[in-house]
Structure formats: C-alpha cells, structure tokens
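Single-structure report; data block below.
Should a chain be cited, it is by its letter among A, B, C and D, assigned in written order, with residues numbered from 1 in that chain.
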Amino acid sequence: MLGEGLLKGLGETARNFAGSFVSKERLTTVQYPEEREPLPEASRAFPFLVYDGADWEAGLRCVACQICEKECPPKCIYIEKSKDKKPDYVGKPQIYPAKFDIDISVCMSCQICVEVCPFEAIKMDNQFELATDDRFGGLLYDRKELARSNEYYHKIHPTEAAEVDARLAEEKAKAEEKAKAVAAAAAAKAAPAMAAKPAEGAQPQ
Amino acid sequence: MSESLLEAWNRPPTIEVDGEGELLEVAMGPHHPSTHGVFRMDVVLDGERVIKLKPVFGYLHRNHEQIGQTVGYLQMMPYTDRLDYFCSLTNNWAYALAVEKLVGQAVPERAEYIRVILAELTRIQNHASTIGFLTQEMGASGTPLMYAFREREKILDLFESLTGSRMMCNYMRFGGCRVDMTEAHLNAARKIVTGLPRFIDEFENLLTSNEILMARSQGMGVLKPDLAVNAGITGPMLRASGVNYDIRKVDHYGIYDRFSFRVPLGEHGDIYDRYMVRVLEMRESLKILEQALKDIPAGPFIDPKAKIRGFKPKPGEAYGRIEAPKGELGFYLISDGGTSPYRFRIRPPSFINLTVLEDMCIGQNVADVVVVFGSVDIVLGEVDR
Amino acid sequence: MKTVEEIKTAIETAVSGAQLEIVPNGSPSAEHSLLVDAAHAFAAAKFLRDDAELKLDFLSNVTGVDWLDKETTEKVKVTRPVEKEVNGVKTMVDETVEETKKTVTPGYLEAVYHLYSMAKKHGPVILRMRTGNRSDKVELPSLTPIWRAAEFQEREVFDLFGIIFTGHPDLRRILMWDGFKDYPMRRDYVDPDDYEYEPTAHDDVLKRAQAHLAATTTEAAQ
Amino acid sequence: MGLGERSFDVAVDPELKIELGKQGIFVTTIQELYNWGRKSSVWPMQFGLACCAIEMIATTMARYDLARFGAEVFRPSPRQADLMIVSGTVTKKMAPQVVRLYNQMAEPRYVIAMGACAISGGPFKQGYNVLKGIDRYIPVDVHIPGCPPRPEALLQAFMTLQKKIDEQSLTGENRPRYLNVDAPGEFPVPEQGEHDLVPASNPNVWTVPVVIR
C-alpha cells in the first residue's frame, strides 16, 4: 500500500518522541552550562607544565631540553633555555626554561609533546572553555599561564598521575641509592687511599 | 588518438538539448547549503535537466602531502586524523600500515584486534552519518541525521575515553597502538555493540520502505559496473554496482581473515542500492565486532621494540592500503633514509569516487544532483587534502 | 601473479620496441616497479589492462615525484702529463693525480601508477614514467584513455608538479586556482612571504620571520 | 537627554532597578531591550568549511542543542544570517568567497573563528594554500582555540558572544561598527594572484604585534 512506509517511519518518530519522556537513552540533551557531563579521564585539550610544591617557578619539572619543541608537529612551542641552573625536584641542579610559550591558536591537541617528554613535565589539560576575543595576547600562553600544580594533575588524570608519581619516586629512589652507592664507593676509595697515602707519598702517580 | 581508444575511454554521455530556450550555467558552491562542505559544481542546465557538470576542487586543499614531506613520520599521524575527519581511526590505520610495510614492522595480536574493533566502530558511525546526510539532502530535514548523531555520540564517547579526543584520535603507532584498551573500554564497546542492532532496525523502519526515499533514489544516479571498475571507484559505491571487491577480503590486511563476514553487493548501482549496501555493511561490521570482542587475546598492545622517536626507515618505498569506510585509502611513501618521507602521497577514496559524478548526473534534474552527490559519500578534507 | 621479471618480458614481447627497466625497491615490502619509456608507455599500459592473464583493470593510484638535480662528488685518479723540471730540463712526465670530479645527474619528474586487478584480485604492479628533465621536457603520455581513474589524479599531478600529460582530455589546474603560476609540490618551491606573526617560530620559520621583520622595518624606515 | 552625550545604561540606577523589580515594576532601557533582542536570536549561517563544521553540526544536534540559545535557525543565505561561524581551515582558494559572504551579510553581523585553523591557520599554517587566519581580512569577535573545539566549547563561545552583545553600548566611542557612519561596511575581497592572494592582508582589520626573538 502506498504510504505504508511513511506511516511506519512516522511510527518510529512517534516512538522516539514518546520515549524521550521515559527513557534517558532517547533524551540525550545535556543542559550545558548548568549541567555538564563528566569528562573522561583521558580527555585532552591543551598542554600544561607540571610543578611540584607550592612555588610554581621553583617547582617546574621542565628542564628546557627542547625535545617537545622539536617534536611538536605544528611547531607551536617556543622554549628559551636559562643561563643559570636551579635545583630540580630531586635536588640536582638543572637548566630551566627562561621562556616557555605555547601558541594555543596553533596547537592541534595531538599529545605528542606529552609522549616524547622524558621528564614528565608536560601533560594535557582538559580545560576547553577558552574562547576569547583577544587574538594575540589571549591565545599565546607563557610559562606562568601554563604552570599547574601536581595536585591539579592528580585531580584531572588520577590514574595517569599516580603512575607518573610512582615512576618518579622510583627514579628518585634509584638516583638516591646510586648517589649513596657513589658516595660510599668514593668513601671506600678514599679510606684506603688515605691510609696508603703516607707510604705512597714519595711516588707521585 | 585512434577512434577505438576514444571508445575505450568511457566518456560521459552527451545528451540532446531540446533546442528551446537558453542553456543556463550555474555554479553550485563552494558555499552551497546542500553540499557536504566547500565543493563546487559548475552545472549547465537545459531547463531542469543537467547537460554538463564539472566538479571544481581545491577549496579545502590543505597541503597534507607537503606537510607530510616536512614533518617526521610520527608527526604525520595526527595530520592523518584530519584527512577524512569522520574516520580518523581508519586513517591512522592506513598510515600505520604503510609505514609498517616500509620498515617491516610486525604488530602484536592484541593491537590488531584493537585496530579491528576501532575501525569497525568507525565504519558504523560513518555509514550512519552518511545516510543521515543523504536523507538530509533529500529534504528530510534533520530527523534521521539526529538519530544517526545520537548513536555516533555514543561511539565518540568511547573514542574519547580511550584516545582522549572525540574526533582527532591520533591513536595508532607504528607497531601497535598508543594506549591499551582496558577491560572497561572493552565492556563499553560491548555495550555499544549490543545496543546498535536495535538502532539499525529503527533506522531501517524509518527509511528503507519510505516511499519518498524510494522515489528519490531508485533508478537515480546509476553507475554501471564496468565504468565503476575503469574509473577506480572503490568502497560501498563500487559494491552497490555489483562488483565484489573488498580490500578486507582481498588483501587480508591485519587479521581480517579470521572473521566471518559477508560483502553486501548491490544490483542496480543506483542511490537506493548505495543506501542499502551501507545499511548492510553496518550489520556485517557488527558481526565482526562481536567476534573480535569475544576473541581479543591478552598481550602487549604495541611491539616493545617499536621505535617512536628518531624514526628513520631505510631507502625504499611502500604502498599500504585499507578498506576505509569510503573506499580504498592508500598511503604511498618513498623514503630516502631521512627522518621524513621524500614523497608522501595519499590515495583518497572520496576524491577518486567523484570521477564519475558527471556520468551519474547527466540527464537528471538539478534537484537530484545533490542527492547523487550525497550518495557518493565524500568528505572534503580528504577530497582536497 | 607473474613476477616483475615475467611481466617485463611479457610487455617486451607484446609491445615491440618498448624499453623497460626494473626499479628495485629497497624496503621490506619489496614491491619492485617497472620503468617504461614514454614513447611505448601507452601501448604497454593497454597491454597490461587487456592481457587475459594480468587483467590489471583497476588503476588505484597515480602520483608524481620530483627528483632534483643530483650533484655527486667523487674522487678519481687521473693520469695526465705534467710539466716537470728534471735536472734543469723541462720535460713532460705522466703522473697520477687525485682529482675531485663533480657530476650533475639531471633531475626529472616521475609519474607512478599503482595497478591492481579487480577481476583476478591481484596486484600491485607499479609502473613508472620519467620526463627528460624538470624544465622544458616535462611531457608524458596520459593514461586516462585507458583507465578513467587517472583523469583527476593526472590533473592533480599536472597542477602540483607540472608534468604535462599529452592526450589528457581536460588538463587544467585542479586544486589551485587557474591563475596560479607555480608548481607547489616541487621540492624547490618557495612559498609566499606571510610571516608577520610567528610567536613560536624556530629553525626555518624563524629565519623567514626574521627576514620578514627586517624587510618591513627597512621599508618603514625609508 | 541627548542621544550622543549619555549612554542609555545609566538612565536608571541599577540598584533602583532591582528594587523596583522586587515591587513588580520592571524598568528597561532601549539599549537593554535592543541588546537582549539581538543576543537572543543570533542566527548563524549554514556554512561549514572543514573538520570543525562536524563539531558545529554535533552542537546543533540533540545532545548539545544550540537551539537552547536561540540559534537553531541556520540560514543558508548570508542575507538572513547574523553570525558567521568560520568553522575550519580557510584556504587561499576559499578566502575570497568567505570575505564576499561576509560582505553580503546584513549588519549587525558577528564572526566566530572556530578552531585553530580559522584563527591562525593552525597546524596547516605553513602550507602554500592555507590562509593564516581569517582575521587578516574580516574582523573576528570571538576566537575558540582547539582542534577541533568540543561542542561545549562552541556553546561557551556562543555565550561569550552573547555577553559581548549584551555589553555593547549604542552610543559613544565604543558603539558597534554598524552604528558608526564612517566605519567601513564592505571589506575588500582579495584577488587570487600568480603566487598568493593580493593583498596578503587587510591592514584596516589586521594589525600585528611585533614578536622579537
């Protein structure tokens, strides 16, 4: 019968209409901004720099190795190395970024900078509400705007951050152990040398 | 050129002009409400009938090939997402496959399964949206598209929770995938797969026997199989013309030889057949998904020996292709031993499928041109690259 | 399917005078290609499509490649007469000298065709054609009359690389606009200077941005 | 009260207004009414360029529902549209058409540059056929970074635009362009030259800060 298919289709739309009153599956509207769906943990928007401790400038994990700058596909990262060194979170003196700019008007949120960073210093934020009418200043982020605390990182990517922390703690422990071992070896080396010194004193090596 | 060769080249048919009134030249696009993007067709009309049609490309030519030759191998991966922006995961796969072929990289079994699962989910959401857009162009203003996008959002939610992004996944790596698909993700995928058959049933109830859809699509935009083969048409459009050629079955890339599925074929090669082939392909994809989600083994999701940074293949070349939702997507790479390819070429299915647009449109009414165009299933990011 | 060597002999017997060469492929994919001379390319392609055993009815991919002029320097030992003073008398003595020899291999443009068979479900067979040079001898026969799939792709190669396909029914620019003069995919193409605002530039882009800044400031000063 | 001297929003003291509102008396000014009307029915142009257009479509669909903001009517014709969402890469081949479409729109008109490509050329900016930002030729009101921005980001940008409309004063120095008789209404359409677009930018809308490295 002509029109049968149409009626069938209309029945389907009617079912969807009626269903939207009872079924959450058919009523999918999210009343943004009042109501938000929780973002999945993996969700990514733009990169940020992680810092430990309370002082963002002292705690930045970034050591300005410029790997991310080189690997960034659209080349939206700009880094200037510092002239001096400051202690990093393990206490080792490190170069730090004197300038770290990301042009988020170019960034394609691909996460490659995060993947290649050997220092767990750059991570992906999930903040996406960044619309602005300031074309130049508002879209070029410097290191102060990019810095976020490790706690914030834990808040947005809990699983990943816990893994990172465990890895860093392990590395730190290893480094400390190694330092200890080195110190012990040096001490062990120094002790006999000291003991042997008077005897060997006549023969310079 | 001799006459026989002219004959061998399947020229678009010419039709007679009835001689009354003037011919009208219309430039449809690049800003045209019905088209999928910035595409232009220069159409010559005799009344309502199309006499001549020349597609004009390049309004979204973003120099992917040039970029591919300046950035490194890994850096190109996020750019491939933006080729056919509906199906970033299949684009990733095609590119990864080409590079793996270039360096002889093996892929662990679990990664192959993950790839199949994601590719088939991509195929389903692409076909659903395509049918939505096709009906939109027939005048069904929004309803089927809205239902299609409702299901698409469910699949995109899975993509986001796995890869971090809704559309631009940047997920596959040479020798595997970036992160593992956990049990939670697999369960989410299983849930989607159990929910989808009902959606396809509803979709079919809404459309398949709809008289308006039949009237607008049956016998329209017919593509003959011999022309389709000669013009290099691939994907659902080729199979709607009755040619049995599915790269999943021909090349057995990945692990497609492990799954049992059928290749739906059309009979008439018209718009309705293309619609039907897509609906049936969604059902076949569900079959593959069910098998893959059942059999997925434990193991590494990326070859531990695979190199990510400082990737430098030996001089040589490779052409890797897969059956993307739109047809054969191929990447042709020539390496000169450097960190970026010497030549990076994308074989875009939607671009080549438009070769026969003129043949399908000649003699039709101008209102049907957009419907024929919609049935080809193109994405401008891939057409112009 | 036949091997590349067998296909080569098959074409040579079918098309008299065709000069073919196998271009080896060093990658693990080992898909070697066949270089065919431009004069016999059309006949060879027609044979490949129509041969009952090969039946390569599906042209998948057409692409261009730009190979720049290659300058190779090698050290060669040459023996040549050198004037020498021996015991106060000037005589010519043959001596072996090491010289650096520069050879310039002229560049060329290349068109690559990937062929498959839908009927027999095999492939690929890769066909290559090369132009004489990169400037004035850039003509190649079009294979569009044999496979219609080449129609848009050859236009694209013409647009981006500047290979002129003779016999193509509609050879116009396809991606760039009609008035465009350059061939942007050639490796010596320099893109226009629009480097006013590059806040995160480094390497080449930084150089261009600095050059732009220098040019505009001198312009403003004048 | 002279039209040119005083702006409308100070006509009623805000605190008095709230107080009156509590008593059931509602006071408004022409400016408020005008801005409220403007911001509540911004009709976008049905115009998609690239990847971001798909997210724009997703925004109009059931889940995000742009209609809640009075913008469900996507107009195919620029003559009927108030808002141009430049959703995607503007190539040099497309740029003249985009500027022409903008010129065809009736005032008041607004532009949202959606996504990295529309703002600056984004990841494709070093290419030979990509325009490094649509703001080289037309004024842009709101920029949304992201590649592509999520649908929620577009909604947030939309609310930013509404806030901007709400805050505009109809008189004085800061009045919108279309109320200024001397301001240009038409923007020159670039020509496609032999190597590049001519001119490469419109100096009246595009002024660049110098970044010294």
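Please note the rule applied: a contact is a pair of C-beta atoms (placed from the backbone, for glycine too) under 8 Å apart; a residue touches a chain by one contact, two chains touch by 3 or more.
Small disclaimer: the values here were computed from a predicted structure and weren't measured.
If each chain is reduced to the average of its C-alpha atoms, the one that sits nearest the average of all protein C-alpha atoms is B.
Farthest from subunit A, judged by the mean position of CA atoms in each chain, is C. Of the two chain pairs shown, C-D and B-C, the one joined by more C-beta contacts is B-C.
Measuring from the averaged C-alpha position of subunit C to that of subunit D gives a distance of 47 Å.
Here the spacing of subunit B and subunit C, counted between their Cα centres, is 30 Å. For the pair subunit B and subunit D, the distance between mean C-alpha positions equals 33 Å.
In whole angstrom, the spacing between the mean C-alpha positions of subunit A and subunit C is 44. The set of subunit B residues touching two or more other chains comprises 58, 61, 63, 66, 78-79, 150, 153, 168, 384. Residues of subunit A in contact with two or more other chains: 28, 73, 75, 78, 103, 106, 108-109, 136.
Residue positions of subunit D touching 2 or more other chains: 62-63, 93, 120, 123-124, 126-129, 147, 150, 208-209, 213.
The touching residues of subunit A, counted against subunit C in their complex, run 69, 75-78, 101-103, 106, 136, 140. Those residues of subunit B lying in contact with subunit A across their complex are 71-72, 74-79, 143, 147, 150, 153, 157, 160-165, 168, 170, 178-179, 202, 205-214, 308-309. Within the complex formed with subunit B, the subunit D residues making contact are 46-51, 53-55, 57-58, 61-63, 76, 88-89, 91, 93-94, 97, 101, 123-124, 126-130, 147-148, 150.
Across the complex, subunit B meets subunit C through its residues 1, 5-6, 8-11, 57-58, 61, 63, 65-66, 101-104, 227, 229-233, 243, 245, 250, 313-319, 321, 328, 330, 332, 334-335, 342-343, 345, 347, 351-352, 354-356, 384. Subunit A contributes residues 28-33, 36, 45-46, 73-75, 78, 103-109, 128-136, 138-139 to its touches with subunit D in the complex.
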